[in-house]
Amino acid sequence: MAYEVIRTNRTRFFLLSLMFLTLISLLAIVSLSIGSSAIPPFKALKCLLGVECYEPVRLVLGFRITRTIASILVGCMLAVAGVLVQGITRNPLADPFILGISSTALATLSIALLIDVSILAQRQLSIAIALGGAFLGYILTTSIGVLAGGTGFSLVLSGIAVSALFSGVSHVLLYILQDRFRHPYINLLMGSTSGVLERDIPYLTVPALLSLLALYLLRIPKALNAYLFGEHHASQLGYRVKLTTITSAFIASLLTGASVAVVGIVGFIGLAGPHISRMLYGTSDHRVTIVLSALAGSALAISADIVARLITLFSTRGELPLGVITSIIGAPFLAYLVIKGGRR
Amino acid sequence: MVARNVALTLVVALMMLAAGFGVGTYLAGGTATTAIITEIKTTTVVFTERITELTTVVMPEARISVVDALGREITFDKPPTRVVSLAPSITEMLFALGLQDRIVGVTSHCNYPPEVQQLVSKGDITIIGGFWTPDLEKIVSLRPDLVIGSAGTPPHLRLKESLEQAGIKVFYIKATAAINKYDVYSDIRVLAKIFRVEIAAEELVNRIEVDMEFVEKSIPKDVKPKVLVLLGPPAWGLYSAGGNTFISWLITTAGGVNIAAKFTGWPMLDYEFILSHDPDVIIVSAMGSNYTILSKEIAETPLAQTKAFKTGRVYLVDQEANDILVRPGPRLGLALRMLASILFPDTFGEPKVPTVYRISEGTDSITSAGSTIRLSTVGTTTHEVVTI
Amino acid sequence: MRIELRNVSFSYDSVKAVDKVSLEVDSGKTFCFVGPNGSGKTTLLKLVASLIRPKEGVIYLDGKDLKTFDINEIAKTLSYSDPHLPRTLPARVIDFILTSRYPFHKAFQYFESKDDLELVDFLSRELKISHLLDRRLDQLSSGELQRVVIAAALAKKPKVLLLDEPSAFLDIRYRFEVMDIVKKYVAKYGATSIVALHDINIASLYCDTVALLNKGKIVACGPPSDVFSSKVVEEVYGVKVEIIQVGSYYVAFPLPNYRDQQHT
């Protein structure tokens, strides 16, 4: 009996993964066929398949590949960060930005800008500074959280406090800087893959790989499974709860920080990815939901990026930031979550 | 039951969407500084102009009413004598009309003409905050009898109620919302009407027109260079100016084509778009960053694959050059001339405005492992007030 | 497994929750803590489970100091059931029970082994929860949930079973059922069980030894019939307690005060 149940679950996992992988592949193909240069999709596909490739098309394809890869990675990373944060707080409404790191990243960048305007001109440096700011935020949140008990709950509370403080700081700085820097700031605040360069991609892949390694070497998925049922339940299973929450928070911060540094703040994916994977799979077994969330997140991110580029083609407003599109999709989704949750 | 849930979802979603769009519009609204980079080579043609004396003729006192850019009718019993300007272009217009002795307050961005700084140091004029961040208290403490603001700048519009509550008259001209020379002229004229200096206004408009015509008639008609304008360094986003902006109009008038003209407002572009349009000229607003660093950065982005970069026609504008191109005001003629010489260097030579830099590659052979970026800067030209 | 506490004390900040408690439990025995809320029952269970460390005193398992045990050894030996099971995120019964097998997995084993699944099958048949295995925890009734919790505790095949209020919130039928299962297991495998109860008639029916706690101190300890017939019980609970013989059982019953008032 138990064996059948497990086997059904495993089959479901496998099928869902397959479905998502197919979806992502299809979306990737669409993503590579669409762009602001209005090259006919057919031509782009022919170039992709190596059939017939003119130089301008190949050039454009290169950009699209960069954007698509960035979307896939960011979607993955934010969704996994979301699973981790929801796991350590046992709250399905937590999202990765709850740890306060996006506001510290922004604040750090603002201060750096005040000190040296030329940072505005240096992408790699800006990315590095934002990452550093995110890390600072993690240290701050974790220190306060550990002092407050080290549970997921205390981490979240301290994250909210850190977020509030540094949001204030960065908004004050924004106020001072906005005469000159309004537009660049919007990019950071609302997220976009349009400015991502090939050499920025390692800033995404390296943290992603490191996180993957850490997750599985430290056996976080099973630890979170145990923690799902209570702090004491996990402790009596031999898990060090504080260590688990701190490490999970670290990995989540690394993933989120890297995404914010390269692409800007993109909301909703960290919330929806885990939710979708739980809805489809049925339970919160982290061994499964981490993978499924990553896939769901990628699908969401690529879709949003495709929509962003379609808007360029069909309207005069130009591209909408990625974060704006995900919020617009997110609003009805969140409403649905709220209603469904309330009814129970 | 189901219907209720569906209805609830729709209502909540619509509310969120509305809120989202509201916020988005607010954030996207307002003007941003546009920057054009022009290259300045060593001067071969010297263009000097003298400031002609402006005679201000004041009409006898009579009550007039003038309609501002928001459509409000404002009455003036007599010309105001204590004026606060909320925008640099407004300050420039007031000075150009010879009204400087009536000004009591300007913004920290009002840096032209140089006389402004002198008057501030002397204490005759007070700084009332930034262009985007005017300080209500400072304004009120000056007891002005008129505050002139820009209809295209939301923080100025927000001051309307507070100022009126404090009993201070506020008048809006198009200023940053001006999208062509006619808007500028109407702004100048309406200001002149308030201060009863219509004759000076006509002289000013005339001079600008003459200067512009002089440029326009020399613009080659057969070739239209494609221009990309970037509002800031590419590192933080590729923001350009849409077809309904002032800078776009300037480009068109100067004989060029703005590749982002199909958009409105301040669109965010991507490299694919830029490269598929392959601009002949790129103008980047440096925003005060180090020019060598910025140049190196640009060389490492896909912008380096544009025709503009390959033929050495990427320009960085900063500070004064930036201001000239960004402020729709009395320096319109100079703006056009500067832009024309960027687009057609062979025809126009170089404008005598510093802080325009061109990125050109070194004379060494270009290797894939980085080519030298040599910045050719303008020689030490003395800063002269250039008006017609 | 023999458990011994010697002069164990613990405080939360400045409040002394457990005050110099000493006791011994032999293998195969069921030991119960009873006492009013806040008397230290849960704290003592957590101390034995090694979830918290005593401020004073030592706890011995089979003569060895609990502090010297490796955290994984403890995980395989003891089982502590938390009375409050968070159910905010959806989880299946089988996933919950299988978490108890994690301490027994090899270093990088990721999924459950066949043995784990057979054990779960066996336990679910015993506890009559086979049909509930793929239900979600929040879809269970409290009786079903209780049996699931016990199943998870037993899935460890623990030598020490620590239960905190296992029959709170349960119907009468299930209250007894849970304790029946515990006794059966303890007897069959020679395990030791320590249970915290607030229900004194269950305590009197199922426990080999009862320790009555008041404000962190043991005020009475021994077989239920002794403890519940002593005057101390009335002082601690503030009600009269009577021992009634029902067949071969002795059951303790608290008597409400108003009956006395009616008589006088």
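Every chain is named by a letter (A, B and C) in the order it is written, and numbering of its residues begins at 1.
Operating definition for what follows: a contact is a pair of C-beta atoms (placed from the backbone, for glycine too) under 8 Å apart; a residue touches a chain by one contact, two chains touch by 3 or more.
This is a predicted model, so every value here is computed, not measured.
Trainee: What chain lies closest to the overall centre, CA atoms only?
Mentor: Taking the mean of C-alpha atoms per chain, the most central one is A.
Trainee: Looking only at C-beta pair counts, which chain-chain interface has the most contacts?
Mentor: Top-ranked chain pair by contact count is A-B.
Trainee: When the centre of a chain is set as the mean of its C-alpha atoms, what distance in Å lies between chain A and chain C?
Mentor: The separation of the two C-alpha centroids amounts to 43 Å.
Trainee: Using CA atom averages as chain centres, what separation in Å is found between chain A and chain B?
Mentor: Once rounded, the distance between the two centres reads 38 Å.
Trainee: For chain B and chain C, let me know how many angstrom lie between their CA-based centres, rounded off.
Mentor: Chain centroid spacing, chain B to chain C, equals 77 Å.
Trainee: Across the complex, what residues on chain B touch chain A?
Mentor: Result: residues 5, 8-9, 12-13, 16-17, 20, 24, 27-28, 30, 32-33, 109, 130-133, 231-239, 242, 260, 262-273, 275-277, 286-290, 293-294, 297, 300-302, 305 of chain B touch chain A.
Trainee: In their shared complex, at which residues does chain A touch chain B?
Mentor: Those residues of chain A that touch chain B are 35-39, 56, 59-60, 63-64, 67, 117-123, 126, 175-176, 178-188, 192, 194-195, 197, 199, 309, 312, 316-319, 321, 324, 327-328, 331-332, 334-336, 338-339.
Trainee: What residues on chain A touch chain C, complex-wise?
Mentor: Of all residues in chain A, those touching chain C are 1-3, 5-6, 8-9, 86-87, 90-92, 219, 222, 225-226, 228-230, 232-233, 235-238, 240, 278, 282-285, 287.
Trainee: What residues on chain C touch chain A, complex-wise?
Mentor: 46, 49, 51, 71-72, 74-76, 78-80, 82, 84-86, 88-92, 94-96, 99-100, 102-103, 105, 108, 110-112, 114, 117-118, 120-121, 124, 130, 133-134, 136
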